[in-house]
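Consider the two complexes below, in which chain A is the common component and chain B and chain C are the respective partners.
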Partner chain A sequence: MTNEDVVTTNNCWYTYNGQNYVLSGIDFRLGKGELVGMAGENGSGKTTLVKHFNGILRPSKGSVTVFGKDTTRISMARLSADVGYVWQNPNQQIFARTIREEIEFGPRNLHRFFRQITSEEVDTRVEEALEKFGFKQRAESSPYSLTYGERKFLCIASIWAMRPRLFIIDEPTTGVDPSTANKLREIIEELHREGCTVVTISHDIHFLTFFHRLVIMHDGKILLDGPTRKVFTNIDTIRVAGVDRPQVAELSSRLGDMPEDCLTPEEFANAFIHVYQTRKRVEK
Partner chain B sequence: MSVGVIGFQMYTVGDSAVHRLDPRVKLLLLVAFLYAISFSVWTPILPLFILAFSLILAVLAGKQTFLNVVKGVFLSVGFIGVFLCVLFPLYSPFNRTILGTLPMIGIPYYYEGLYWAVYTTYRIFALFTYGMVFFATTRPQHLVKSLIDMGLPYDIGHMILASIAVFPLLTEEFDRVKTAQQSRAMMAKGFLERFRQAVALIIPVVGSALGRGETQAWVLEARGFTSPGEKTSLFQFRLRRQDMPVIIFTLTIIIVNTYLLIRYGYLVDPLGWNREVVAPFLLFLNANVIVFLLMAASLSIRRLQKR
Partner chain C sequence: MAESKAIAIQDFSYAYEGSRIIPVLKNIDLEVEHGEFVGIVGRMGAGKTTLCLAMNGIIPHYMGGYLQGTILVDGMDTRVYTPSDLALRTVGMVFQDPEAQFVRTTVLEEVAFGLENLGVPREEIIPRVEKALQQVGLWHLPKIMERSPFELSGGQKQRLSIACALVLKPKILILDEPDSNVDPVGVNEVFSLLAELKKNGLTTVVASHRVERLAMYADTIVVLNEGKIVMRGTPAEVFSEVERLMSIGERVPEVTEAAHLVEKDYRIARTGSKLPVKVDEGLVYFRSFLEYRKK
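After this line comes the complex of A and B, so read on.
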């Protein structure tokens, strides 16, 4: 493990029932400031793996080290100061009477139980989070009055207020419309720009294209791990994992002369124009 | 967690003779035991008989069922026993002989109350053992169906089944919300803090339960739940030959108890047992039962940990 490593898992195995292993000997390293996407079929072990990063789960065999600390020797509450976990279903995270209280919960605990920040700092962070995520005018409203998409933002805001160095966001795009998904993407990019290491699980392949690194999981193992563009060129392996490629990448492959690593419509259009013009020149 | 909920959750899959008995027959036997235990107050033989009978049934039902029965009884009776043993020696209409006084507050506690508490725990223990055998060997769906056959309205039967199905989901939800809070630096320090945090969990869990209930109501309505006409079921129960001995046994218990009740009255020991003589025997028996339960519980926990 180097100083830059945020998470290191060594031969990590995990079982929920003592019989079937959901994770089978995972070796994984996450560097500081990385923007990582995770994909894979349901039950492939994505959520189980990331739940090891903030101590919700402890490995049945092997070890998980987060910011140099063995997760089996540190409480989840203490680890949460460094690792923020945004749950897939916001309704499982939200419980306070008002939006302000919901955001305040985490930082207030950091003050109450660990004396990590002052009470004034808690108030400042809450105000900043309300402002940043657009809840300022509704701070005293019930979180249950928010739409599903807004609740997702509230969950991210409540974790952001704790200023974790590692952000884990579990399936943020599930059940939200494309416009909310785009906003979520902007938020994640902003977190990354602020210096956070971000790990996001998603089934939305289009959403995953902007991550720098992509991890594909299958049957409790990491099948592919590398730069997103490169991972999507492993057509056969991706198929085994039951993950779709971005439509433009698929279209490029089928057109033959096109580069296989197109990830966005813009890239596809540029490549297509380039190929078309080259052909035209050759024909002339 | 109520005893009923523990019971409904403890069905253990199996195909033993006990599992195959008609649920109505097993239910009738439970009623007969309840009747016998309630009215034969001073007869220590009867609970002992029910206890032995129930344990034999549990053994016949299989190893896993036996372990579940022991666990279920321990969970439910343990709490009741402690509660009675604290309360009765202090406040009971039978209290005469002072055993001592409580330090600090100086309230006397009595021999008769302690005896009565231990004896009552023993009776409840015997009854619950059979109750747990009943729940562990009867599918909740079969039990509710048999109740519907005996006159329970279909809607209420469905409500019972829906509640049984929702309960584990709620428990899971409760744990998930608790974990979500702990993952935001929440630590539980001391009883009051834990209590405060548990109360805070009630809002999201109840909210989610209400939402789930409403959705289920719509789903049922969309599939014609309230449509008129007689509802049919996948399970149709008919009394079989192997149910007959249990029915005869049940009727015997009811008749003998009714005779004893009429002949000797409510608070009389028909065998003439002296309760001063019986008390140490019961205390000894209870101590043995508690040790047995502790051993069985620790074995079960170890087994779960190994998994």
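After this line comes the complex of A and C, so read on.
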């Protein structure tokens, strides 16, 4: 293990009921500053795996090391200072009376229990989070006055206020419209630029295309893991995992003469124009 | 004549109770033919869910609020007929989150729930539940009737919620983002089921963000923006308006966006025709460029 490893799982097995293993011997390494997308069918083990990164779950067999510490030897509360987990369903995460209190909860506890930050720092962070995520005008409103998409932002804001080094975001795109998905994407890019390591689970292929690395899970195992562009060229394996390919990737493989790894409409259009121009020159 | 339509909405506006009378839907006019498959797209807050709730009478009967205009569903006025009248005679509703809809502990009880409430005789209930589970492709699962709705997979849960609607033999099915909580396999299951049901003549209205799927299955796309219908037409007609849709925060199918970008390039520029909205259409479309060059 190098010092740069954020998470290392070593032959990690997990069972909820003592009989069926939901994770079957996962070996996974996450380096500092990586931007990782994770996909796979419902029940393939994605959420179970990432819940090992912040100590909500601990391996039934094998080991998980996060920021150099074995997760069985450190409390979840301690880990949560470094690892932020944003739940899939914001309604399961939100509990406070006002937006301000929701954001304040995490950093206030960092101050109260671990003395990691001062009380003034808590206030500063809350104000910053309110500002950054656009809640300033509504700080005293109930979180339930927000739309579903806004609640997702609030959940990210309240984790952001804790300044974790690792951000785990579980299916941020379910039930959100395309423009909200774009905003989420900008926020994730910004977290990454600020130096955070980010792992995001999503079923939305359109959304996943901007992650540098893509992990595809199937049946408790990692089926594919590599640069996103390359992963999407494993057509048959991807199909086994029940993951869609981007529509333009499908189109370019069927069209022939086109690069197989087009991920976005822009890439497709550029590649197509290139093919078209080349033919034109050959004909001349 | 309005009666001959599956759904006829005339100048319908609606504001929620306590909303200071700010309308969520404004002057909606929409007619849906029997057997038509309509996809509703629009941003969050555009009014999709409200429109769905208005088409099965939950608005205004359970939500109150302020409304004007009329909605006739299979000729029945939603202001007069209650949601249970409508559910019994004609319209089924599937909500976004299937788990929020389940109230019983077994699949049998769950599907039978609507029938029991409507007072259907016991001996009729079991065969109808069986048929509904067959229709949605859950019948073959071992011991399905005794299983808990909560132990099914995401796609199965969503199909179960559709079975709960189908058991009442609706002519019209309204689905509010039935695909938002399921993985791609589940999305395929839901949409192929809807395509199958359409073959049997079911009228379908589905609100969804999945433009690629809607392009494959819908006859008509309706675009809602800030409570108004801003576009309406076939998928090709609507999605070809790429820039207009993007300006209101909508996506178009990837293949349509790619075609739009290619046409925008000055070296290729060509206008006038509709853009492809499905992969197969995309193949024909992009090949035509290359073949044209060969001549």
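In this text, the second predicted complex is superposed on the first by the 284 of 284 C-alpha atoms of A that agree within 3 Å, B and C clash if a C-alpha of one lies under 4 Å from a C-alpha of the other, contacts with A are read in each partner's own complex, and residues count from 1 in each chain.
The rule is short, and it goes like this: a contact is a pair of C-beta atoms (placed from the backbone, for glycine too) under 8 Å apart; a residue touches a chain by one contact, two chains touch by 3 or more.
What you are looking at is a predicted structure, and each value in this text was computed from that prediction instead of being measured.
In the superposition on chain A, contact is made by A:Leu110 with chain B only, not with chain C. Of the two partner chains placed by superposition, only chain C is touched by A:Val275; chain B is not. After superposition on the shared chain, chain A has more residues touched by C, the comparison being chain B against chain C.
Contacts of A:Lys136 after superposition on the shared chain: neither chain B nor chain C is touched. In the superposition on chain A, no contact is made by A:Arg239 with either chain B or chain C. Of the two partner chains, chain C is the only one that A:Thr147 touches; chain B does not reach it. In the superposition on chain A, A:Gly18 makes contact with chain B only, not with chain C.
Residue contacts after overlaying the shared chain place A:Asp177 against chain C, while chain B stays out of touching range. Within the superposed three-chain model, A:Met162 lies in touch with chain B and out of touch with chain C [touch as defined at top]. The intersection of chain A residues touching chain B with those touching chain C, taken from the two complexes, is empty.
Chain B contributes residues 173, 176-177, 179-187, 189, 200-201, 203-204, 207-208, 306-307 to its touches with chain A in the complex. The touching residues of chain A, when paired with chain C in their complex, are 40-43, 147-149, 174-180, 203, 205-206, 242-244, 246-248, 250-251, 254-255, 264-266, 268-269, 272-273, 275-277, 279-280, 283. On chain A, the positions that touch chain B within their shared complex are 17-19, 54-56, 75-78, 80-81, 85, 87, 91-95, 97, 105-106, 109-110, 113-114, 144, 158-159, 162. Interface of chain C with chain A (complex): residues 42-45, 96, 153-155, 177, 180-186, 209, 212, 249-251, 253-255, 257-258, 260-262, 265, 267-268, 279, 282-283, 286-287, 289-290, 293-294.
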